[in-house]
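Written out below as structure tokens is the structure these notes cover.
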Amino acid sequence: MSWELFLDPSLFRLAVAMSVPLVLASAGEILMERSGLLNVAIEGMVTLGAAAAFLASFAAGSTGLGLLAAALSGVVVAVVFAHYAVAWRQEQVTVGLTLYVLCLGLSSLLYRVVVGVRLTPPRVETLQPLLLPGVGRLPLVGEVLFSQHALVYLSAAVVAGVHLVLFRTSLGLRLRAAGENPVAADTVGVDVFRLRKAAAAAGGALVGLAGASLPFTLTGTFTEGIAGGRGWIALMLVIFGRWTPAGAAAGALLFAYVEALQFKLAMVSRAVPPQFLQMLPYAFAVAVLVRAYRGARAPEALGKPYHREARA
Amino acid sequence: MSPPLVRLRGVYKRFGPVVALDGADFELAAGEIHGLLGENGAGKTTLMNVLAGLYRADAGDLEVLGRPVSIREPRDAVQLGVGMVHQHFELVGHFTALENVILGREGSAWLRPDRLRREVEALMERVGLAVPLDRRVRDLPVGVQQKVEILKALYRGARVLILDEPTTLLTPQEVDALLASLRTLVEAGVSVVFITHKLHEVLRSCDRVTVMRRGRRVVTVDRREADPVRLVEWMVGTAPPPPPAREATRPGSPVLELEAVRVVDERGVAVLDGCSLVVREGELVGVAGVSGNGQQALAAVVAGTARPAAGVLRIRGRPAERHGVLDRMRAGVLTIPEDRLRDGILPRMSVAENVVLGRHRLYFPGVRYDPETSRRLARHAIEEFRIVCPGPDAAAGQLSGGNLQRLIAARVFDAAREREARLLVAHNPTRGLDVPSTEFLHARLVEFCAKGGAVLLISEDLDELLKLADRIGVLYRGRVVAEFAREQFDRYAIGRAMTGGVPA
Amino acid sequence: ARPRMAMILPGVIQDADFNAVGYQALKEVQSTTGVQTAHSEQVAVADAERVAREYLGAGYSIVAFHGGQYLTIVQKLAPLFPDATFIMESAGQIPNLPANVWNIGRKFYEGFYVLGVLGALGTRSNKVGYIAGIRLPDFVASLNAVFQAVGKYNPRAEVLYTFVGDQNDPVKARQAAESQIAAGVDFIVISVNLGTVGVIEAARAARRPVLLTTFYTDKSSYAPQHFTTSLVSNFGKPYVEVVRQILAGRRSGYYEMRPGAGFGLTPPRNVPPEVSRRVQEVWRAVVLRQERIEEVTDRIVERR
Amino acid sequence: MTTEAAARGRWQVVWPYAGALAIALVLLAALVAMLGGDASQALAGLVRASLGSGAGLGQTLNKTTPLLLGSLAVILGLRGGVFNIGVDGQIYAGAVAATGAAFLLWTAPKAAVLPVVLLAGLAGGAVWGSLPGVLRARLGVSEIFVTVMLNFVAVFLVEYLSTGPWNDPTAGEAITRAIPPEATLPYLWPRAGAHAGILLALAAAVGVWWLLFRTVFGYELRAAGDNPSAALLGGVPVRRAVGVALVASGGLAGLAGAVEVSGFHYRLILGLSPGYGMMAILIAVLSRRHPVLAVPAAMGFAALLVGTDSLQRSVGLPSSAVFVVQAVVLLVLLAAEGVRRGAP
């Protein structure tokens, strides 16, 4: 086995493409967690986003509508989550897990209702690579970065956008304050409840889009379990990236690289049973998480319901 | 006569079964400093929280400048020019001072830090309060944090500034500075509500005083009509009981010895650094200090939840650096934690299950846990310590603060009887307690010493220490910088030591 | 009374794949033998026993299981319901089955041998890919057959294979296909089910033309430029035969499904006519058992 | 508290459950109608399939077994303050260990085989729970994430064993060879196909109740879960208790895996746990973390599972609808609780 195997440009190209759902989902989760909401339903929301995107574009024949539907499905679930967590102060992990199960069920149910019983699974057009003018033809970088499909560029923009909103706008300052110390935010007139719901909605839209990226860029169709654990991985990436979108995106690329590498290794290392290579990304995720935990600092009010009249 | 700046009338507020405000009235005149007095639980904080929009009153009228207003949310209060500095500060620890001040009033969608800094700097100059704007708030001393809080309120254009017990965390020198700056603020057109338990502060700095009792106003008087005896009478109804007589003790052998103990927290900061201290049998040693100078680490290292990184820690003559909580308990160390909700109570478990915590291995040495035994002990504790609760099976989280502290006291002192406990570490044991509860607890501490126990009383209440301690050590930056024997007790000398000015 | 027959299927019948062909077989049984039929789709192994018991309780006398994972249930239920006849599928003949069980053995590898031949002749980069999901003995045998075919018909060509761990995960299948294509593969023998759509997308996105083969059903309409042929499976043939035998009183037996007996090959497209002709010749030889193909299920034997 | 108030309190607990059940039934009926079926007929069929027939009841009991054990595992974790979302992986780990033991024990005395197989399952699940347990206890790493990742790893491990070393080559599927007869659980009700696993699960429910409320360990575990820092100051070894909670939780789930192997499948098989872990969480929440209440809750879910499975055949309701119905039931309950809490 040689080093070239690990440095193959096609590997990086695939990693960039495969990181899209992770980047979008973790950016969405970061928005929510920064406001104090720990939403563990995102694996389900990614699945539902994939179903919504596929079904809308299948029914209406438009990728744009598909993206819209996916974002909307994320918003709806996230707002329901936020309502339970914010207004009713229910334990967030419990609500998240319940919604996770609901989303999984709803995805297949909707698919069945819309698509019905038919002999061949319908498919939609996938997004084709978009060569960026100028840089697209550069050797290596062009191949890896600038001849990808549109959602790759979108997710790069999302990372930059979420970063700017969080750290350069007053909205971001208030949102982070709500996640660090809701009482402090509330007493200066920041509407913590509305802000958390808004963060949930915006984050939910991104998580839904993460789901849309699966049928629209990879498979052209919806299948059960299409998220394949990417929602959970995104949850880990939030910690890995220390609650910054750029950090999480770096982690997403790393994870996607290991995932792609696994398939490369599968073609050359005949001695190892394939199942052990398939475990690799998940084992890697655990190992990375253990490292990432050292010194990581979550928003102080993360997962804690805010109640004005509760005794501190 | 012009209408008062703020008028609250017949404010009623209950929390579950607790009636916190029972038709309270209050008026604040423009340009005054108005003292708000009352024993613990009288409703001072609740009333002001209603004005600040944090609590919603069940009934009652609010008027500002004679016009009825409705304050449903903190935002409404901010708009009416009401700013409140809460007792335990509501700052975002990981934000800078600047970010904390401007939060919620940033002025533009895009943050413009330079412009905002200039505005805040101008404000600081105008009101004579200066804080380092780029430091993280959690790294600032409490006195400075308080200034950040006041700036926060003023930056929002507060015409009414409510300060809830602003002096408890400050050194005497800092208190002087605060009171002086309040005058400056009044001259700049701000009216101040000043909540405190300290009569001399009221008499020194306020124009008028309101005394509250059991959710109602007792009286509002001009300072000139008030004197300490009448104020206390208004507050508690009768004259306060005399303090327990502390007999001169003959200290026995050392129970707790700390020699140059160093404790490092998870951030790598040495929170205790070369701390030395001895507590002997029958002795009550007080630890004074501005909070944040290592009190928590001291309590933790003695209780066994923190390990010393260097130094010697002996309990009853035996090295105990490596010992955990359980070993300490076996050696007779008891703890009254500073934060009872965080460190003392199992909120969702029953009173009975809470009463046995810490003693459960004693009562249940085998595998079996017997709920009947716990209930029996709990019924006993409820009676003896007059804990107000529905019964042994009630969830502990429903109890009021004072009753929680009684519950913890029951746990501690009962164990003391049974096991001849040797050392009690009490950290701010009476914070937030009313007078009877405080007296009750003080009596227990004294009794414990009289029986030969040793007490380490870490308290931010200097009066409490002056009343009870045989000796007071002053903790400053993680070490005991000065010790005063009873005959040397002097408020200002101790206060100087607390700010690092070691007496000659 | 006319016997009634029920079939239990692991997935949805509209998968245009394994379950669809099972369902078609059931319909064929009904139309050719007149036996009344019913089916349950998407039955997890954990539920199959109960479902079977419900049919048996409702008077169904023939219960068929479409798949080998229901083996335990058949072994449990057959002695308990001696009046009913069970049909189950497997990779080969199962020894010691109860006396009221028919066994259909599926020999996919012989068909995959021919797909391998097409790959050997159809590849221009001399790299043939094989993408499977779970490392089942069936697929191991099929992979070995592809190795044998390529070794014999194009010794210069190489076979790259990937087991992605899931028959129905198009994302993983796509990643595997991308890796293979990046490594130079231009002909992929697909052995996944729903994962197929992922492989198709990879082929579409590839910069060089990539040819594909599939199995169970003809999926050429999905990607007309990419599919060459399909190893179509007509389960109707074995099922109709077995049900006829049951109706005639034979309560147990073994039917082997193989090229010519249940498996067919669609005429290869997108390849030169002589390649297509050659492959169909090999197919006929395999049907007549004139081509020597070894069945190895427990390890992968790579040869050049 | 007066008796009248106590009675009112009890009703306040009961009505959300009744409401949730009603909403679940209405929802099911609506789904059936949407798919073009006859709702009343479908609901009658549901009851018949799950509880109203011998075979149905037997299979409902069989389904209750892993759900109950799984929810007990979740409850044990929740009481200690940890979310064990890895029940599925631990079920598989237990199944692997049980199957391995059954294969290795062919020389052992026959009477010893079954107990050892079940214990092996317990141990296998415990081992699977120990990694998140150790990471949580030593490094404070979130168990939520680690347990989920280990679910994936466990599935691949099962895939490896069932298609590799232990594969039954004749079946042509991801299943292992059968375990010997002496490693199998006896039938409780042969005609209905109900195995004795339910007795184990019921015993486990009582055992968990006893452990939580009648042992010092359980007391300390609950204390650690309720308020770790207070428990720590009260002399409870919190980290150890929480770690042990995850290990024990894994053990219970592992037992579920062993029971599935020795009572139902007689082999290790991919798909042994069709999402039992997720349903176990819902059951644990529904039963308010009480091991005894988990019994009716698990049974109810099992009946719902079995019943809606029959709707799949009668009206084409997809199996995923069960998830929807269950989640909605829980959401309704959580909402009822939330509404009672009132405004922020």
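Miscellaneous remarks
Which chain is which? They are A, B, C and D, in the order written, and residues in each are numbered from 1.
Simple rule for what comes next: a contact is a pair of C-beta atoms (placed from the backbone, for glycine too) under 8 Å apart; a residue touches a chain by one contact, two chains touch by 3 or more.
Every value quoted in this text rests on a predicted model; they were computed, and no experiment measured them.
Of the two chain pairs examined here, A-D and A-B, it is A-D that is joined by more C-beta pairs in contact.
Centroids built from CA atoms put chain D at 29 Å from chain A.
The distance from the centre of chain A to the centre of chain B, each centre being the mean of the chain's C-alpha atoms, comes to 44 Å. With centres set at the average Cα position, the gap from chain C to chain D is 35 Å.
Taking the mean of the C-alpha atoms as each chain's centre, chain B and chain C sit 75 Å apart. Among the residues of chain A, those in touch with two or more other chains are 117, 224, 273, 275, 278, 308. Those residues of chain B in touch with two or more other chains do not exist in this structure. Multi-chain contact residues of chain D (touching two or more other chains) are listed as 156, 159-160, 164, 318-319.
Looking at which chains touch one another, you get A-B, A-C, A-D, B-D, C-D.
Those residues of chain A whose C-beta lies close enough to touch chain C in the complex are 8, 10-11, 13-14, 18, 117-121, 123, 126, 128-129, 214, 218-221, 223-226, 228, 259-260, 263-264, 266-267, 270, 273-275, 278.
On chain C, the positions that touch chain D within their shared complex are 38, 40-42, 44-47, 49-51, 53-54, 57, 67-69, 71-72, 75-76, 80, 89-95, 106, 134-138, 165, 297-298. Listing the residues of chain B that touch chain A in their complex gives 15, 52, 54-56, 73-75, 77-79, 84, 86, 88, 90-95, 99-100, 102-111, 152, 156, 341, 401.
Taken in their complex, chain A has these residues touching chain B: 168-174, 176-177, 180-181, 183-191, 297, 300, 308-309, 311-312. Contacts from chain B toward chain D in the complex involve residues 303, 305, 324-326, 329, 335, 337, 342-349, 353, 357-358, 360-361, 364, 366-371, 390.
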